[in-house]
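By letter and in written order, the chains are A, B, C, D and E; residue numbering begins at 1 in each of them.
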Amino acid sequence: MSAVAVEGVWKYYGDFPALRDIQLEAQPGSCLAMIGRNGAGKTTLLRIIAGFNRPGKGKILIFGKEPRETETRRSIGFIGHGISVYDELSALENLTLYAKLYGLADPRRKAMEWLENTGLERVRDGLVREFSRGMRQRLAVARAFLHNPSVLLLDEPFTALDDRAIAVLQRLLREGLAQGKTVVMSTHQLREALELATHVALLNRGAVAFDGPCTPEMVADPGLVYARYGEG
Amino acid sequence: MSAVAVEGVWKYYGDFPALRDIQLEAQPGSCLAMIGRNGAGKTTLLRIIAGFNRPGKGKILIFGKEPRETETRRSIGFIGHGISVYDELSALENLTLYAKLYGLADPRRKAMEWLENTGLERVRDGLVREFSRGMRQRLAVARAFLHNPSVLLLDEPFTALDDRAIAVLQRLLREGLAQGKTVVMSTHQLREALELATHVALLNRGAVAFDGPCTPEMVADPGLVYARYGEG
Amino acid sequence: MFWWGDKTMRDKILYFLGAAAVLLIARNIYVISGLPGEEAQGAIFKIIFFHVPLAITALTCGTVACVASILYLVKKEMKYDALAVSVTEVGLAFLAGNLITGSIWARIIWGVWWAWDVRLTSALVCWILYASYLMIRHAVEEPTQRAKLAAVVSIFAFIDVPIVILSIRLFRTQHPGPVFFSSTGSFPHDWSMIMMWNLFAMLMLGTVMTMIRLRQEEVQREIDSLRRLAHAF
Amino acid sequence: MDFARLVLVIAAKDLRAEIRTKEAINASAAFALVILLLFSFAFDLDPDTNREIASGLLWLVFAFAGTLLLNRSFARELPNDCLDALVAAPVPPSALFLGKALANYVLLLVIEMLSLVVFGIFYNVRWTAQFGELMVVLALGTWALTIMGTIFSALTVNIRLREVMLPILIYPFLVPALMAAIQLTLEFMAGRPVSIGSEKGGWWLMLIGFDVIYTAVTVVLVEHVLVG
Amino acid sequence: MDFARLVLVIAAKDLRAEIRTKEAINASAAFALVILLLFSFAFDLDPDTNREIASGLLWLVFAFAGTLLLNRSFARELPNDCLDALVAAPVPPSALFLGKALANYVLLLVIEMLSLVVFGIFYNVRWTAQFGELMVVLALGTWALTIMGTIFSALTVNIRLREVMLPILIYPFLVPALMAAIQLTLEFMAGRPVSIGSEKGGWWLMLIGFDVIYTAVTVVLVEHVLVG
């Protein structure tokens, strides 16, 4: 059974079709890189998969279940454009909070652990308000991995990360994939993404223009996919 | 006379020294790429150069003038982490507004022109609230270039832009440099940046670790600068 | 007096002035206690010898704070900010004194602790305003920004001072009208002299307190800059 | 029990954030103070009128301090899209909602006790005449404020519904509860007990009914409110 | 003239944005109306008391409906760091400030007229007795509200604990203006004219003085306020 299945999903904003009859699948242990021009519909789709918005038509299945079911939610990790952490709380408090919400054992230890994984241990008691943009993004990553989800939905996860942080995130994702996690990410930093991707999907004006395995030549020349399948 | 001169700038947040005695210069027609790890101080420095914050010590000179003087402000274009456009207004309204604030002749035409340059003409009447992340970033670019500034201060300008938008921005910057504009940008997307940069400055924990011309080998292997001058 | 040796000249002068002020006040109290009670109000009336000087000193502090704040905004030198805080804090103390003596007086003459006439209200508001000045200082940690915002607030707050002074001249208040500084004033001459002496003493005391507080500020600032330097390397 | 634990976690989170930036407490403190200054200054009325107004004023302060506090309770989640993360977490929306409501309830009660004391002093109203009953009314009325305010702020964060004139709706919705609360407070301050059966007893029913019904309805509906 | 043009551009921008998402105006209008209604229901006093309270109540409502509206005027610039762009633009801060003040002024006046009408109906107070004078007081008092509200929202916009400071700062500063406005309104509603010379004339001086002085001071100081 596929980890993530998008079945004929439509989404209208007013009468603007943001998504048009999307069909996508991701098997456990695979990494689907969703690419597409600005406004193609990547974020919209990811948010629908994550269950934040309901599709206008069609449906989403995570391991065959509705995304809104409590069980399913426990197995999803999401990074969006917003970083989803509280400015008034410290990095540690933020992670501890989420650890509690996910009912993890020993929340504080888990939090500390992930602060180290993302290289934030030195500022763990600093308020997020005072973080630099990249530090925030790192924290967002920590938040998403905290509860060891089996499906990771990442919207431009590499944004604002420095070379080191990118390396860390890539390592985390590789390990995850090795453990059979499923990753669906959208990004414009093709190089970083394609190094990991097992599959590539190209969205074009809300429709799937290309969907297939990630070939070595793509990795060699990331522009390729756009060049071949994107409209000029 | 140098277009941008940073003279012994210090900046403290509480006891934390975000900037330590920064010395930098940028000549007209040159492009300074500011790189550095997350939390190095790039944003802080750019904001001080732009005159949003006053340095704790030291001073900034734009063409020998204070950044806060009206004349100077007219000659600065800034893109920050925030996009500085209004969610409740349409793309066109936003640009027209800024055109008026900068006292340009025929604001609406100017606005339209830049919507086309950034490929937003199709959504010019859409409210920014409804824009995708990349579309917002494009609009931010348009806003910064609108009044034809002679000094461009860009904080991670390539963020969230798709390949095509990046190409456009790079073209705009090249043209600008050719016309003798000055560009100071911070970024983590070294490849895109170094293609343009004439100089590179590496910030490390709020101090300048390296500052020099951008050599071909750097362009070939962007990681180089970090490897050589960054601490491990 | 082992601690005397390490004091600077300025400190020594301060201590002398302080001592002098205290002595003068003591002397005034002695004289005042010697006076006969006022015919209408009796002994309690003597409280005016403190009530008024306290008020005038407080309002003077407000004025100084305003000037210091303006100077800061113009010159951007931290010493003016320091002066502003110090003098404001002292002023608050004196104004509190005025409020308290006032309402004691009120309790005995009017039979209530408080009445909402313009003078009393404006005086209270004045106190609140300078208190909020201190509050905003706590809300901003970045020194230059703090100094700047505080200066602005201080200037705003000062605008209430003339209202306090004019209140009894513009309106018919429960609070008695002008006795000094006005043609209608009917106040025995020798009493006025005592009043002046006490006023002088209070002003002196205020100055001394301000200087001491100012000294603290400067030391504190030195400590901060040293600590920051330590963090920088 | 797990549900309760989650409710508490959410409540704790909100309370901590609120205590960091003492926003609500201060705002309402200032509000109370100024009503005080202005009204006391503007006119000195005879005790009864004074008491009558006091009861109305009290609930005015509560309602306003309440809305100051409540409107932000979900808006607080917007800045970094925190709401997404909460909705994504395996937390039943009703738990999320009740957690936030609880936090607001606590804060609101604190504020109200403060105002009560202050009012008591300056309006020399002996509001302790029937302390017990008064507290009950306070608890019930405050819960009405809280539940409505919280669900209302949940509705307004949802983009699709923001265009609707929700702000216009909230206060009118509250009118019945507030009316009841004001009337009862009035009686108790005057030292007149009010039994359910009695002529004024209808207010009791109104207040309690309001609480029960709205709580039930909101808990059921909140899921649909939160997921767009 | 260029300065005036900029002021208008800013004002127009704010008004348009506010009219798009009627958040602030709805909230504060609703608040104003409901408070008025609640009170008129809550107790029926004899005409004079009623009128006395009315004038105080009216200005309280204005003050708080006002702050609801004004607090947002610079906060509105925060979400996308729009304030940066405004500060970066070659616009004199005073123009920026006056532009925003102007926009707020218009909105506030609208709300106040609304409340006045409602109020007239529900409090059967003939407030038209001296329409002209009343309008003047309204204009002056509202400007006082606007100028203070706007400058403080600017003052607190880029400091931590913004929400904490704002209400605490603004209300005490407003007291003198509000006292004056309340007193004058009281007189005019009672149909008693107030000439500058007369015993109550001091209030005129106070109100006008407040407006003039604070406007002048703010326009001078705003530059320092806006750049961190």
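Everything below uses one rule, namely that a residue touches a chain if its C-beta (ideal position, glycine included) is under 8 Å from a C-beta of that chain, and two chains touch if they have at least 3 such contacts.
For clarity, every value in this text was computed on a predicted model and none was experimentally measured.
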Chain closest to the middle, measuring from C-alpha centroids that were averaged per chain: E
Could you let me know which interface, C-E or A-D, is made of more C-beta pairs in contact? A-D
So, what's the distance in Å between the C-alpha centres of subunit C and subunit A? 61
What whole-Å value do you get for the distance between subunit C and subunit D if each is reduced to the mean of its CA atoms? 41
Distance between subunit A and subunit E based on Cα centroids, please, to the nearest Å. 47
So which stretches of subunit D touch two or more other chains? 21, 37, 41
In subunit C, which residues are in touch with two or more of the other chains? 121, 125, 141-142
Mind pulling the subunit A residues that touch 2 or more other chains? 81
Hey, which residues of subunit E end up touching subunit D in the complex? 21-23, 26-27, 29-31, 33-35, 37-39, 41-43, 45, 49, 52-53, 55-56, 59-60, 63-64, 160-161, 163-164, 166-168, 171-172, 174-175, 178-179, 182-183, 186
Residue ranges of subunit C touching subunit B (in the complex, touch as defined): 141-142, 144, 227-228, 231-232
Considering only the defined contacts, which subunit B positions touch subunit A in the complex? 13, 36-39, 43, 81, 123, 130-135, 137-138, 156, 159-166, 188-191, 223, 226
In the complex formed with subunit D, which residues of subunit A make contact? 47, 50-54, 68, 70-71, 73-74, 76, 78, 80-89, 93, 97-98, 100-103, 136, 143
Within the complex, subunit C is touched by subunit B residues 10, 12-17, 20, 54, 56
